[in-house]
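You will see subunit A twice below: alongside subunit B first, and alongside subunit C after that.
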Partner chain A sequence: MTSWVDVICIIVVFLSLVILSNSRVTAMIRVFALQSFVLGLLPFFLHISGMSGRVVMISLVTIILKAGLVPYILFWAIRHVSMRTEIKPILGFGTSIILGAIVIAGAFWVSLSLKLPGKPVSDLILPCSLSTVLLGFMIMVTRTRAVTQVLGYLILENGIFLFAISLFDEMPALIEMGVLLDIFVAVFIMAIVVNHINEEFEKNTVSVGRSKMGETF
Partner chain B sequence: MLTILIATPFLSALAALLPVSRDFRLKLFLAVSVIYSLITALFWKDLPASEYNGFLVLDSLGLILLSIISFLFLSVAIFMIGYFQHEQRSNRTLSACVLFLLSTMTLVAVSYHFGLLWVAIEATTLFSAPLISFHRNQQSLQATWRYLLICSVGIALSLMGTFLLAIAAHDVHTLLLPALLKGAPLLSVNWLKLSIIFFIVGYGCKMGLAPTHSWKPEAYGQSTGMVGVLMAGVLPQCSFLALLRISQICNKTGLTGFYSSILIVSGLLSFVVPAIFILGEKNIKRAFAYSSIEHMGFLVLGLGLGGVGLFGALFHMINNALAKVIMFLTAGSIAQKYGSSRTDDIRGVIHIYPVTGIFMIAALLAGTGVFPFATFHSELLILNASIISQHYFLAAVGIICLAVMFIGIGKIVLGVIHGQPKEPLLAKKENVIMNAAIAVAVVLLISIGLWMPSPLEHLLHHAVTLIGAV
Partner chain C sequence: MMNIIFLILAHWLIVLTLAPLFVGVITKVKAFFAGKKGPSVFQPFFDLQRLFQKNSVYSRTTTWVFRGAPIVNLAAVLLLSLMIPLGPFKAPLQFSGDILLAVYILSLARFFMIIAALDTGSSFEGMGASREAFFSCLCELALFMNFITLSLVSHSISLSTMIGADTSLSWNLIGPALLLVAGSFFLVILAENNRIPIDDPDTHLELTMIHEVMILDHSGVDLGFMLYAAAIKLFIFAGILVPIILSIHAGNPIVDMLIFLGGMLGASMAVGIVESTMARLKLNRVKNLLLIAVAVAFFGFVVKMWKG
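Entry: the complex of A and B
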């Protein structure tokens, strides 16, 4: 089922671009949830002939953690209304899109010279995962809100995950679970810190000014 | 045995989360640290058997780290009892996270699978983050955020490195260290090179090597002294263990030159950058953080140079940890007494608290590597290795930067111990328990500086052969 794998890879990159060009934090979280859900389906399509308990487990855990719990925690972290729109990103949205396109082209160009050993399932996995990692970096660097930076980190993580799925055999399932769990705990702790930052800023609204709420630096 | 060592602190951490009294948490932490140290001491006689199909193995490198962990946590456990005599805040999050940290660090020391190693190191990052914001204010939250974000990204890059290593090891079909070493000729060199770059950037970020060090002064500056000890003394060395494991593979695949050239450059940067920033510094803990960056530079430089330098680097792991105990516990004890760690607020330590004042001078000497403290010997070994391998420029820069660091830290330390305090102080008396914890580290660091016991020398030599550098 190579064609489905290709489709999923393209969708993942496309959704990263959507997040890059979006200004509403809630919409960004929803798109991220969708991206993770699509990624969670990927192990099914990769192993459609030899379905094993391990494949099902990794798929399910990914979907529950990344498409369910993580977005839920992020929504909890931004329940203060003033947090919900992105304010003045360092790069404008138009510029981000153009730069994003250049980044994707660069990722495809780089991966031309990298050859995966063995028989790769799809030629698109490597360039797409590289693009997603780089787009995640871009979101982290160009946004000033704490929550959007977390989202950038998560997209970067999704890019790495896409890459990891293609090497299914080398990693024991338990380790894979450990990786997912670590990422989940990371988001959990980040959400708590974001929440504390908001509370601190609310206490000091007079000196700081409401417009700075939720900004980290 | 290894499972017990990992599980005990973990379960105790869960117990510390329960609504129990502050004293119970402190005693629990002390008890766990004592038991932990006793078990580690037993391992010096006989290494335990491997567990879980070779996923958990303790070798000489792991034992060095494990000994550092056990000593540091024991010191902190003792110090904490003294500290909380003058502190009203709840210690629930603090003690739970410290115990979780102990458990995950043990996992780092004994994991023989690169995936598991990554999981453990990421977990140490996560559990140390809440420790920084113990004084919950704006600055400490910002420091936590910066630490969490920079290190998470760094660690994500090393996850990428782990997967790239998996591609390189496509024909070996596993990421277990012994299998990788055995199947070294089967590894694909180009993918391995790519993974090495990601590993150095990723784990180097967690170690606080120069271009990615910016979280260090913030995080160490905002955390309390006890947390500073753990974050400066063991946390970076856990990542250094990962770099040591990678060097084992590099030495088998003939990539030693490639690996060491990157390490030497990042070591050099880690010398120069703190030397630039130290002179304008006005906060004791931040100054010590810059010193920590420099020590990390020494570690990677020693690893990069190999030979005597590698022995020096392994020795420096121990010395650095002991020096960090002296530095950060003293800074923490002063910060509690004066309610600040800014040099403008602290004056006349030696007149009011003579013992703490002496420890402060010891911290200066230990941190900058002055004889008879053992840091002197390990730093000398590493500089020696750079001269033997004819990197004269490197040795010159190293010595100049060391001199600048000495002036910078000396200015701060001598500034705070002399003079007259501005305001009346919070606690008039020295705390015996806190001082005892520091005194043990001072005595230990001086004694291994004067005479190296043969079991330690044996262990270090065995660790050097394990890495297999030429």
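Entry: the complex of A and C
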């Protein structure tokens, strides 16, 4: 089943690239939900021979939480925001995509010298998780809106999830659940905060202070 | 000698009959999605026949470049079609390194189309020409990136071998890389042939179009040549993609031909489905889509290098 795991890894990185190049927040959230869903299927393919209750649980919780609840909360957070598009990212979309391609190559290059303990199921998991983490990080630092930055953070977390899944057998389920809960709470708090910022300023860009000082936006 | 001439003529006969059918199937799929009956799949033939019966009208500002462009276009794609294997029919024209010739023949056709559009002196056509030149630059980057990966996969720089028509590509070993190549190449097909979401082949609003605006001044037989060349180009691109995905060789010519035709039918339906489910992109976002094609092609290359 290595080939399916490979394909999932590739799709996850590809979807991160799609999010990186997208300017519409709703589309970004949908692609994120798709990415999380694909990731949620990964435990099944990793343990296709010995299916246990733990595998099913991890899969289901991931899918319900990250492909269902988190996107739902994000949609809820932006429901009153009239501007649904990223206005002025720090890096242009074209530049981001090219840089993203370079970042992917860099992640693969770094992975050459990273040796994981134990035998990995697929040799693509490590470089792909690293690429996803870096792409998520890029989205986080190059976008100016709160929601898109949170999306970057979530993609970063998806990358970490992909990495963690390769250490599945060594990691207790409790830690995974704890991490997922953390993410959920973080997104929940962000949604409330964004909502309040929205009500206060009617425009929830992070650089809201700057625009008040006379900068045109 | 006679044998080769016969092979070439047979190849052209297949390409010339199947290419308009390919466009017809796309139109049919789009009509189906719109809930309409749609014209018959043979409609492109009738359109071409109607155009071939008409006379061409030339503006007084145009020169021989404008008159020559349709002929060069059709000749270029016909030459290119000789490099494409059609199922059991091997490509009559193949040698090591023919991939470069193939890409440059495409560029020649495009160059003449652009320069003919500029020759009319119309501002609309100049606008279309500049768009075409810009987008095809990005397309070529993605195209070459894909070809590099394919040549690494197949250890060959001959088009027929690279795309897995002569020898099968090993999907089991490097499936992920080939998946990325196929995805990127599909975007290139849409962009090179001006399909939705890059350009709408049916639109006739000058401000929004790329390819159609460049052939506005062509009429009659010339327009027929241009449309025929466009259909053959789309067919050729699909003919490159299908063997990459369906790298199967049954050995039996009839089965091989059926696999090839099935693949082409699938490709035309895929294009039709994309066209009916997506809207045309805003012009300034087309660039991003093409850059994604480049990035995906590059990603495929990286994965290939990683897998060794």
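Here, the second predicted complex is superposed on the first by the 200 of 217 C-alpha atoms of A that agree within 3 Å, B and C clash if a C-alpha of one lies under 4 Å from a C-alpha of the other, contacts with A are read in each partner's own complex, and residues count from 1 in each chain.
As a working rule, a residue touches a chain if its C-beta (ideal position, glycine included) is under 8 Å from a C-beta of that chain, and two chains touch if they have at least 3 such contacts.
Everything quoted here is computed from the prediction, not taken from an experiment.
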- Put subunit B and subunit C onto subunit A via the superposition and say whether they clash or fit. fit
- Query: When the two structures are overlaid on chain A, which partner does A:I104 contact: first (subunit B), second (subunit C), both, or neither?
  - Reply: second
- With the two complexes superposed on chain A, say which partner A:L116 touches: subunit B (first), subunit C (second), both, or neither. first
- Task: Please indicate which partner A:E157 is in contact with in the superposed arrangement: first for subunit B, second for subunit C, both, or neither.
- Result: first
- Task: Return first, second, both or neither, reflecting whether A:P43 touches subunit B, subunit C, both chains, or no partner chain.
- Result: neither
- Hey, in the superposed model, what angle do you get at subunit A between subunit B and subunit C, Cα centres, nearest 10 degrees? 160
- Looking at subunit A, does subunit C or subunit B touch more of its residues? B
- Thinking of the overlay built on chain A, is A:I175 touched by subunit B (first), by subunit C (second), by both, or by neither? first
- Query: So, A:M140: does it touch subunit B (first), subunit C (second), both, or neither?
  - Reply: first
- Message: Quick check: superposed on A, how many Å separate the nearest Cα atoms of subunit B and subunit C?
- Response: 21
- Okay, in this complex, where on subunit B does subunit A touch? 113, 115-116, 118-119, 122-123, 125-126, 129-130, 133, 136-138, 141-142, 144-146, 148-149, 152-153, 156, 159-160, 163, 166-167, 169-171, 173-175, 188, 191, 194
- Task: Note which residues of subunit A are touching subunit C in the complex, please.
- Result: 3, 6-7, 9-10, 13-14, 17-18, 21, 23, 93-94, 97-98, 100-101, 104-105, 108, 123-124, 127
- Complex contacts: residues of subunit C adjacent to subunit A: 172, 175-176, 179-180, 183, 285, 287-288, 291-292, 294-296, 298-299, 302-303, 305-307
- Query: For subunit A, which residues are in contact with subunit B within the complex?
  - Reply: 114, 116-118, 133, 137, 140, 146, 149, 153, 156-157, 160, 163-164, 167, 169-172, 175-176, 178-179, 181-182, 185-186, 189-190, 192-194, 196-197, 200-201, 204, 216-217
